[in-house]
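Next up: the structures, one after another.
Across the two complexes that follow, chain A remains constant while its partner is chain B and subsequently chain C.
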Partner chain A sequence: MIAELGHAALIIALCLAAIQTVAPMLGSFMGYSNWMRLGYSLPLGQLLFVAVSFVCLAAAFLSDDFTLKYVAQNSNTELPSYYKISAVWSAHEGSLLLWALILAGWSAAVALFSRTLPLLLGARVLSILGAISVGFGLFLLLTSNPFERLLPVAPLQGADLNPLLQDIGLIVHPPMLYMGYVGFAVPFAFAIAALIGGQFDSAWARWCRPWINIAWVFLTLGITLGSWWAYYELGWGGWWFWDPVENASLMPWLVGTALMHSVSATEKRGVFRSWTLLLAIFTFSLSLLGTFLVRSGILTSVHAFATDPERGVFMLAFLALVIGGSLMLFALRGPAMQKVAAYSGWSRELMLLINNLLLVSAMTMILVGTLYPLIADVLELGKISVGPPYFNFFFVPLIVGLVVAVGIAVFTKWKTTEGRLLLQKIPFPLVIALLSALFIPLFLGADSQLFSYSLSAALTLFLAVWLIATIASDLREKIGSDRARMAKLSRSYWGMQLAHSGLAICVLGVGLSTAYDDSRELRMHPGQTAQVANYQFQFVGTDKIAGPNFTAHRGHIRVLQQDQLVTNLYPEKRDYNSGGQVMTEAAIDPSLTRDIYVSLGEPLGNKAWAISLQVKPFVRCIWLGGLMIALGGLLAAIDRRYRRRSKHSSAIRGGA
Partner chain B sequence: MNKIALFIPLVLFATLSLFLLKGLDRDPTELPSALVGEAFPAFSLPSLMDESLLSTDDFAGEVVLVNVWATWCFACRIEHPMLNQLAHQGVKIIGLNYKDQPQPARQWLEDRGNPYLFNIVDQQGSLGFDLGVTGAPETYLVDAQGIIRHRRIGVLDQAVWDREFDQRYQQLLSEDQ
Partner chain C sequence: MHPIRKQRLQLVMLIVVAASIAAGLIAYMLGQNANYFYTPSQVVRGDAPMGISLRAGGMVVENSVVRSADSLEVSFRVTDGLENLEITYSGILPDLFAEGEAAIATGKVDSNRILRATQVLAKHDENYTPPEVADAISKAYQLKQQNQSPSQGSLQ
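Then we have the complex of A and B:
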């Protein structure tokens, strides 16, 4: 019964979305203002009904209703109830429902917080969001209905949630990621509305900016969480695999980052207008493309999702309609490219352009690498897989260039910057960075010998210190000795500096953990000791333990440093009762400067085990940096400027 | 000129869509059996019955069948009597217990008879990956030099044996002597 209620709610939501698509758009052309205003109330109704539908599905999971195919496939009576909730979005149908819910949420947010927009623009933005909702609603109901029953013969027990997904990381990671993906639908809708109306000025850019920032913050958090989850849950100690699914999330992030920077130039200086529009379209298109790649099963991935050609065809048609349609609109209505006379020399505009070129190149190279196996296959060039070496080869130089440019950009001004000024400011951070790169690696190597000097560590330190030093010297210049000036700096300025510092920390983590990573895979008997980096690992033995829905072999490893006990680690090899799946649960002793990472491999008989011992210096900085970047984006999004202006304009309207 | 440039993204996307459409018809997990004519990939994995480590040395110098199986594989139940029969006729068969649990696997051999000289435990599917295994059952014919001579995806029954394996197997045996 509950399931039918959820199903019905979903159909009502689809109908509301259909009206939301048609009425405000027609109204905007015919001049019916009440039709246009309809666009502001419908999203709230749509949100209500999708939420009802979502709650119904969650209730079906909680009550172990295995007559629902989706519940039977992804849950089990033994599953703890918090995992029953997260199981709602653990597979295809439920994730799409989450997509729809989040999209309805964003549409409602736009309806609520954009009352100060000109009615014409607001109505069109909401109409376009409605159209995307219709697409996803149809996709859900026609090809991926989570409320499908398994009648008359329903199983007594469910197949269980994939043990990999039974984890706190998976409770929060997909919603964050989807908030980001779907959030970019808002700037996309703004861009399409602007193309239809033929108006995109700095006001348009200012309205867009907070939405871009917030979506980007969620995407950043989603990617960071995903990387952290892969690190501790997959049990091999890697944090990024250049897997198609990961690439699918990184591509919109890169272009979204480019968009965030380009729109600032559009707001402040009115430049890059067509470029900003195009980036807004690209960012959301890549989110959709990512969903398509992941959900159609067109590429192989460690994230093995169920595949279904019918869904693939539907998604591709939807993609062609949305992306093809918007690019066609862009081609027909887009503003002609501007002459490059508005800025010159080492202006901030030029630096933003460099930033955009590097980010978009990085995205393109990832897109090519991700799709190349598919293209080669279609062209009958044979089955090819593109691995990490390709991605690292192209990605690393682009990021190195980006970091250097970020440091210089901090010193530049809009319109033009005197070269002399730059020459005064650059040497100080440059010298500090060079000195750090030269000397710090001498003390970081495992045995402090000259031979352990690592060039990649030197490059990493150069980049990170360069970035931090440029930020520090800019802050010193802006604040000086007068503390009171600190308060005058805007939140978006602090946000920028925080996000850029986060980038430095992240680079530090990536570079140093790669350069100084030390790992051994060994066959160990109880009592045996092994040395990795500066630590001794003593394998005490294993025992058997029982969890709520699994039994496990739990290893005990004592970690010592110069005969002092550092920590006891208990890695597990879990055997899940329901599907007989075996999971490796790594044990980690975390700290900011190094992680000790231990996982159990195979039992080799005679109480001996294959054991993987790893010491990863500074690996935690990767995610710390990611969090700082997200926080910086959030600070910039809540800048007073956006709210003050909106209050101001609503006051005017109220008076008139 | 400027106006034409605006169409570039659209054209690029249209091209991409064509590839995506074509790609939908293909199965990315389908791996070529490129290993026929090549050496059996090196491995070092535990044995199912005792706890020794196995490698290619354990069947070097012999003409063998390597059979990929698992307890979760329904078709393997159908195939099993044929393997027992072949073993009875003196064909040397090595099992590759693929992504399986050791305990049920041992039980399986106890219940249905054990046609294998020994079983390689490939719980993670690493050797299976090197071999390009698409699923179970699969059977490889490996010669005395450790070169893969033939590969069968799916159930090996009498008809398949007569059609694809018998002649090759006899020929390899006679070459070996």
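Then we have the complex of A and C:
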């Protein structure tokens, strides 16, 4: 019964979305302001009904209703109840429902917080968001209905949630990622509305910026969490694999980052207008492409896609409609938006242009590397996988260039910057960075030997210190000795500096953990000791333990440094009761400067085990940097200027 | 030519040159880093190149997994139903690796047509067989049918 209620609620939500698409758009052309205002109330109703539908599905999971196919495939009576909730979005149907819920949430937020927008623009934005909701609602109901029954014969027990997904990281990661993906629907809708209306100015950019920032913050958090989850849950200590699923989330992030920088130039100086619109379209298109790649089954097999084409074809058609339609509109209207504004030399505009060029290039090469195996398979060129060296070869130099440019950009001014000014400011951070790159690696390598001097560590330190030093010297110049001036700096300025510092920390983590990673895989008997980096690992033995829905071998490893106990680690090898899946649960001793990472391989008989021992210096900086980047974006989004402006314009509206 | 036009032409030329260099580089790197998949039959017949990184996989043959007594050296055979390919690897095998299940190895084929793997991947869950392996097995099966070999029961 509850499932039917959820199904019905979803249908009602689709109908509301359909009206939301048609009425405000028609109204905007015919001049019916009542119709346009309808666009502001319908999203709230849509959110209510999608939420009801979502709660119904969650209830079905909590009550172990295995007559529902989706529940039977992804849950189990033994599953702890918090995992039953997260199992709602663990597979295709439920995660699309989450997509729809989040889209309804964003639409409602736009309806609530954009009352200061001109009615015409607001109505069109909400209409376009409605159209996207219709697309996803149809997709859910026609091809991926989570409320499908397994009647008349329902199983007594579910197939269980994949053990890899039974983890806190996977409870939070997908909603974060989807908040980001779907959030970019808002700037997309703004861009399309601007193209339809033929009006696009600095005010548009100012309205749009907080939305872009918030969506970007969620996407940043989602990617960071995903990388962290892969690190501790997959059991072998990697944090990025250039896997198509990861690439699918990185591509919209790169273009989204380009968008948030380009829109700042559009707001402040009115330049890059059509480029900003194009980026808004691209960012959302790549979000859709990401959903398509991950959810259509095309990655696991082009043939699976061909034999069960319903979902894939729908998504491909939807993708083609969104990308094709918006690019067509852009081709017709976009060039007219461009306004020539002069900038020259080392202006901030030029630096932002370089930023955009590097980020979009990085996205393009990832896109090619991700799609090439699919295209090759379709064309029968053979079954190919593109290895990480391809991605690293392009990504690393582009990021190196980006970091160098970010450091210079801090000193530049809008319109034009005197070369003399730059020549004054650059040497100090440059010298500090060069000295750090030269000397710090001497102390970081194993036993501080000259032979262990690492060039990649030197490059990493140069970049990170360069970035931090440029930020610090800009802060010193802005604040000087007068502390009171600190309060005058805007939140978006602090946000920028925090996010750029986060980039430096992230670069530090990536570079140093790669350069100084020390790991061994070996066969160990109880009592045996092994040396990795400057730690001794003593394998004490294993015992058997029982969890809520698994049993496990638990190893005990004592970690010592110069005969002093550092920590005891207990990695597990879990055996899940349903389905008989085996899973490695690594044990980690974390700290800011190094992680000790231990995982059990397989039993080799005679109480011996295959054991992986790893010491990963500064690896935690990767995610710390990610968090700082996200926090910086958040700070910029809550800058006072956006709210002050809205009060101002609401006063005008009230008076009119 | 008008100076502005000349400037534009230079810009366009620059973009075209830069884009072609980038495209060429991408194509080259893709060629260098694309690992092609070969079936066990192809490798054993000698159709796969030697000394180049490639992928091969199939069902792990029952009782073929041999661990060395004092290290993490391991060898096993994979089959597509026609031929058995010997694979050697040093290190920890993935959780889902098991005899009778699908596995894919990345590595180089040596002169004895043994694949020295640098990475071994096992299937992702109990219902799923990697498409490459499924494809290899069905190809081998078709070949067998053509040769009218009666032993079909050994294929899963």
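Just so we're on the same page, the second predicted complex is superposed on the first by the 639 of 656 C-alpha atoms of A that agree within 3 Å, B and C clash if a C-alpha of one lies under 4 Å from a C-alpha of the other, contacts with A are read in each partner's own complex, and residues count from 1 in each chain.
Assume contacts are C-beta pairs under 8 Å (C-beta built on N, C-alpha and C of every residue); 3 or more make two chains touch, one makes a residue touch a chain.
None of the values given here were measured: they were computed from a predicted structure.
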So, after the overlay on chain A, do chain B and chain C clash or fit? They clash
Contacts for A:330 in the overlay, against chain B (first) and chain C (second): which applies, first, second, both or neither? first
*asked:* Let me test your reading of the model: by the given contact rule, A:544 touches which partner, first (chain B), second (chain C), both or neither?
replied: neither
- Task: Scan A:483 for contacts with chain B and chain C and give back first, second, both or neither.
- Result: neither
Exercise. What is the contact status of A:521 with respect to chain B (first) and chain C (second): first, second, both, or neither?
Worked result: second
First, second, both or neither for A:278, with chain B first and chain C second: first
Just checking: does A:316 make contact with chain B only, chain C only, both, or neither of them? Give me first, second, both or neither. first
Message: Just to be sure I read the superposition right, which of the two partners does A:582 touch: chain B = first, chain C = second, or both, or neither?
response: both
Which partner chains sit in contact with A:420 here, chain B, chain C, both or neither? Use first/second/both/neither. neither
Going through chain A, the residues touched by chain B and also by chain C turn out to be 300, 373, 382-383, 580, 582, 602, 604
Seen from chain A, its contact residues with chain C in the complex are 162, 235-236, 300-304, 361, 365, 368-369, 372-373, 376, 382-387, 389-390, 393-394, 521-523, 579-584, 601-602, 604, 610, 612
Counting only contacts in the complex, chain C reaches chain A at residues 22, 25-26, 29-30, 32-37, 53, 55, 67, 70-72, 91-93, 95-96, 125-126, 128, 131-132, 135
Chain A contacts chain B in the complex at 274, 278, 281-282, 285, 292, 296-300, 309, 312-313, 316, 319-320, 323-324, 327-328, 330-332, 334, 336-337, 371, 373-375, 377-378, 382-383, 575, 580, 582, 602-606
So, in the complex, the side of chain B touching chain A is made of residues 2-3, 5-7, 9-10, 13-14, 16-17, 19-26, 28-32, 46, 50-53, 72, 101, 104, 121, 123-124
